[in-house]
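Heads up, there are several structures right after this.
Here come two complexes built around subunit A, the first alongside subunit B, the second alongside subunit C.
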Partner chain A sequence: MLHEFEFRAPRTRAELLGVLADHGGLAKLMAGGTDVIVNLRAGGIKPRVVVDVKQVEGYGALTWSDTDGLVIRPATTINDLLRMPGLRERFPLLVACAHDLASYQIRNRATVIGNIVNASPCADMAPALLCLDARAVIASQAGEHEVPMREFITGVKRTVLLPGEVLDRVVVPASSVGARGGYAKLKRISGHDLGLVAVAVHKHGGELRVAVGSAAPTPVLVSGLKETDDAATVVAAAQAAISPISDLRCTKEYREHMVGVYIRRLLREVA
Partner chain B sequence: MLEDATPDTLKHVGGSPDRIEAAAKLTGQALYVSDMTLPGMLYAQVTKSPHARARIRGINTSKAEALPGVRAVLTGAELEYRIGLYVVDKYLLARGEVRHFGEAVAAVAADTLEIARRAADLIEVDYEVLPPVLNHMDALKDDAPLVHPDLGKYDHVSAVFTPIPGTNIANQSKLRKGDVEKGFAEAEWLIEREYTNPSVQHVPMETHVAIAQWKMGDEVDIWTSCQSPFAVRNLFCYTFRLPLTQVRVMVPHVGGAFGGKAGIHLEPLVACLSRKAGGRPVKFQATREEEFSLLPCRSALTYRIKTGVAADGKIIAQKMTMYWDAGAYADYAVNVTRASGYSAAGPYEVPNAWVDAYTVYTNKPYGTAYRGFGHVEFFWGLERHMELVAQVIGMDPLEFRRLNTLKPGSITLTGEKITPNTGNPTKCLDVVAESIGYGALTAEETAREKATGCKIGKGIAALHKAPAMPPFTSSSIVLKMNSDGTVVVNTGLTEIGQGANTSLAQVVAERLGFDLAKIRISPDKDTDRDPYDWQTVASKGLVLAGNAAILACDDLLAKAYEVAGQVLRAQPADMDHDGEKIFVRHHRDRAVTFAALAIGYAYPDGNAIGGPLIGVGRYIAQGLANLDKETGQGNCALDWTFGAHGVIVEVDPESGEYHVLKICSAFDVGKAVHAEILRGQAVGGMVQGLGTACCEGYIYDEQGHLLNPSFTDNKIPTARDLPDVIESVAVETPQLDGPFGARGVGEHPMISVAPAIGNAILRAVGCELTHMPMRAEDVWRAMNQAAPIDNWITKTPNKSCKK
Partner chain C sequence: MMRITVTVNGQVYERDVPGHRTLLHFLRQDLGLTGSKEGCGAGECGACTVLLDGHSVNACLVLAPEVDGRCVETVEGQAKDGKLSTIQDAFNRNHAVQCGFCTSGMVMSVQDLLVRTPKPSDDDIKEAIEGNFCRCTGYLQIIEAVRDASGRTEGKGGLKHA
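So, the complex of A and B:
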């Protein structure tokens, strides 16, 4: 059924939070629309109000400072992020993941925060933000609060966001600068595809982290490993943390196998 | 009609002039049906079955009819029309029973698309869901539900097709040559395997779209994105029992077709909506999702091959059994079965051959023509089989193929004798083998293996195909000279991206001796204006329409010479012409321009002779006949185009991921009429073949719901999937009855890409793949001798990534 909804494009954060407070769970936030419009068309969501965040003053800002780190706001597209001077030097893993998200045209529309809020197990930005200790700053009329990225996504297409709340910004701390990392994603074609399974490896100050996408209801972070751990240990730790399924994209066994392949490959590549 | 002209005397044929429609397409000015709106036009939508098989207990349309802006609502109850190309088995809207997921059950036309969508959703259908038969091999079992219990009552083309009532077999095609059992008894080796592939989508950029207006006096105008305006008109008139004078079909630019727009599809339903809406024009354009299940796909195939090989490596006998998955309706699948059956052994001589090819009904979206017309599917099995047989008998696969290829004097499966001008498959194989450095890795490739940890393999595969068409297929061309001496070409052949218009213009310019700039060929086609052409399919366009064009040129020139002879007081034998004028050979200044002759020659005093110059050319396939239904023997091939691909592939032995480093394709095209269009066809077809090889395929759940009717989970290759190096080579063994020696090559580049890749993967990592597509996981499993995943009818939940 063709679904009719009210469309709102607030200009200020106060106005945005007001709209969200008024409509609660019946409002759907939209930025680039690369998930929302697809879901609307397919009948997967039936919001009363669609709230476009792109016009909100300040929501297009993408800032870096030595004290506050990298601050990503709701209207920042993937390509905005990729074009940011100095980003590759500071956060190579973030660039690797962003670059593997969909196609150039979609990256012109898709936003970093939309990718996270959509909370797909295969969200490409999640592995990087998990490894980099990003924080989610949530705003509502009641004020702001912060949760670590690893607590933000709670299930397939589910997050900690409550009705009335918006993911106001994602902060990647300056302390994560200097980390080395890489991203590998299994796809059905070399062009754009959802990850059948994806692995990020992150090395920083002796610590080794692995994040895995499409292998559990949420992207999974395995932390507390050491850079000196051998591949078998790292793979075993990752395998223990994931719970892949078989679906029409590939089987559980292949997902498990490829997590191991990619971890070993990335451990070699990320010096 | 091979001309005596040698390449250095040809001015247009063999060159690469700009494509006629390029500027219009590049600037967006080219008009497609998708772009069109007519005054008072309504928009149609259909209500589709969510079930693979169900009895329709009732349909309630009252809510839809009550919606303001709705002008017509139709259900199957009102439409007692069946359509079908060869077996007349399909209602315009389902009646009594739905037979596949996505089948049209009701349709509406409304003032706006939004109202139409809402109305289609308001139609309530009461279904009694029945157990579907999904796998075509299951459909052959005795206790299988019958998809068409009334099969015995359907009209069908009985001279060519054999439905078996009381079964799910829509057609059985047979071929018998020699004595297979005797051949097997004499063979040194017997090798039997089975190869499979799922259904796939054509994925044209422009989805199916039609506008129809059913006017007073049952006059019907149709604008449609289709391949064959005359086929649409004729089948439409057959369905509605209308004289051909009352239906006009117009085809502007077409945004891709690939066989999916051959035959007749949306036009009758859209026309019925127009009739119900009182004659207002109605437009329907399929969504991408509808393209996957409302409209037809390419059939799945199970191909079993048993080969007997003599001690010297020669194939002595081969038994081939094909099970084609028609889906719910026979459409083109029965003819795919026939055409594949008589080609089933490929470009090889098999003295003793036996083919049984079955078209099997299932409760799935139905199969239709798709570039290659069955050959992409069965060559997957055949050319993998040739590789595996070579391996078993310990012979190099290239040598094994070369030994067995059709050569002058060879007899094909249907009993046709190969001549020196039939074409040269061996040369095609040699060309691609040399291009890829077949048989060994270079030092550079070995170094690359060391550096990457990947394995490099090189594989080849051959192919052939003849046009699948009735033996009496014909084309015609009309040339009309304008008063400035330029020429308009009328043809019923559609331009669907294959370059037909440009190539025909080249042939006309060449034969007339005119500049190409003087030749006008309309981008759109119109059954009221253009002369008959059977269909734009089967890689036969250039051969038949090209010959008709040559004859039309000769006719036009003969008429011009006749008048010029009077003006110049000269005999035709003493005259010649250039691009401007006809002149007396021995007195070149005694001349008359074509412009002066074009609409009749007028003397200075106004007295006139002649009249408008019109050239007519008609050409019909020569010497062909229906094959014998019991033995498959006879002459069925207008021309055989042979070809081969050579592939270098790089495989990660840990993961099964692979990438094509290089592909070289060679086709014996007889004569490359337009070198760049040929390369465009070669590359485009190869990429489409790559998609079939690597990733494409319909996936169903066990209830028959199509799980991947979109690009989310039905991937096609992108620019990033292209091989690093792409070569295409034209081999030119002239076709004696082809225009300037040319033969067709529209479909061929897609054929055998998959087995060439599979053979290269085999060489790289030693794994035997028998199911297409070859996903990375399939390669990984094959490397580990694990059972292949057969998830095309999947047991896993229909929501991906959900627990």
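So, the complex of A and C:
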């Protein structure tokens, strides 16, 4: 049983922002529900109102243009993204991360934006969006403002979003097309599982980036490396940037070691 | 309470539901359709898998008010006039059922797969059922049943544990 709350499904963005303004911190935004309903059931959150964003006009749109890049809206599911024609050619790292997120039926519900707003250290979409220089466009009744993805997640399950605000869209710039990338996630089983640690490697125009999940309070981006850097340099830079902990899934030493193993593997695979 | 109208296995139901009722509890308790099982209640096990407008979803992670105006298919919609569906028949013939707790969710995930991909590869099959846990565990027989349901009869018994 879930605790009692009021369910709202606004049809327009103005109505959505009005509901959020009225209820402030007592409102919980929900998209696919694959994290929110789990948290409701566990009693981790007790909102007065759950606000479904999927019915908002325009929030199901997923668009690409050479000028605006890829624009991802709040109702776009992981499988919507994976089914988008031409996406693998433009953003192979985005596809790799999306395909590794949970199970098929979860991917039918879970959304790209929900994965980011949930702000888990193991969020699968974060490494790709960090490497690809995505931007977060935040809306409230006061208007819109934009923050880079690397500033959006601020801690474990924490983001820059304030009560009354919604992550209206995530934009992956067209300038990131042509980047090569790969993703590797260490799991306890070969089926779907939370990552013990996950690594993305991204090469674009001579620059090398590494993003690491499940190895710090937030997903970590290491930028400014060069494609010509040797593996030892890249591994050392990544290991210096992370702060893994030991928990019931594995030790911090194992996480740190496997970050090195995966970086070396991906540097070979991402030609 | 909110009034919702939902089509389940082709039949239209109109019911009042509280905002916090999950689709799974709505199906099991309000409509008496207990084929969909509650294993974990958290989207891990897939025993509650149903189709929502044709897409497989965990019914434990859907709120009943969300399905207003939409179509849900559950395992109860599989057999027609006392005759098993192709998928159910293939599960039966390939010994893909042991305790049966995962079976209704498995069957619905396979239904989604075979509509999208009538001739799935073994990798397609494994991806489609990766969110459905069988703890008996009869994955090999289940994969063979899906092959059978899709008309592939060669290579029976040739599967190895991954």
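One rule holds for everything that comes next: the second predicted complex is superposed on the first by the 269 of 271 C-alpha atoms of A that agree within 3 Å, B and C clash if a C-alpha of one lies under 4 Å from a C-alpha of the other, contacts with A are read in each partner's own complex, and residues count from 1 in each chain.
By definition in this document, a residue touches a chain if its C-beta (ideal position, glycine included) is under 8 Å from a C-beta of that chain, and two chains touch if they have at least 3 such contacts.
Model, not experiment: these values are computed from the prediction.
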{"item": "First (subunit B), second (subunit C), both or neither touched by A:L26", "value": "neither"}
{"item": "Which of subunit B and subunit C A:H3 touches, first, second, both or neither", "value": "second"}
{"item": "Which of subunit B and subunit C A:P121 touches, first, second, both or neither", "value": "first"}
{"item": "Which superposed partner A:P217 touches (first subunit B, second subunit C, both, neither)", "value": "first"}
{"item": "Partner chain in contact with A:A102 - subunit B first, subunit C second, else both or neither", "value": "second"}
{"item": "Subunit B versus subunit C as contact partner of A:A61, first or second or both or neither", "value": "neither"}
{"item": "Contacts of A:S246 with subunit B and subunit C, given as first, second, both or neither", "value": "first"}
{"item": "Touched partner set for A:A14, first subunit B, second subunit C, both or neither", "value": "neither"}
{"item": "Contacts of A:V156 with subunit B and subunit C, given as first, second, both or neither", "value": "first"}
{"item": "Shared subunit A contacts, counted only where both subunit B and subunit C touch the same residue", "value": "1-2, 103, 190-192"}
{"item": "Footprint of subunit B on subunit A - complex, ascending", "value": "1-2, 103, 120-122, 156, 186, 188-194, 214, 217, 245-251, 254, 257-258, 261, 264"}
{"item": "Subunit C-facing residues of subunit A, complex", "value": "1-7, 9, 32-34, 37-38, 40-42, 50, 52, 54, 79, 102-106, 108-109, 190-192"}
{"item": "Subunit B residues touching subunit A - in the complex, by the definition given at the top", "value": "114, 117-118, 121, 654-655, 657, 659, 694-695, 699, 707-708, 712-713, 715-721, 775-777, 780-781, 789, 791, 794, 796-798, 800-803"}
{"item": "In the complex with subunit A, residue positions of subunit C that touch it", "value": "2, 18-22, 25, 41-43, 46, 49, 55-58, 60-63, 65-66, 109, 112, 127-132, 162"}
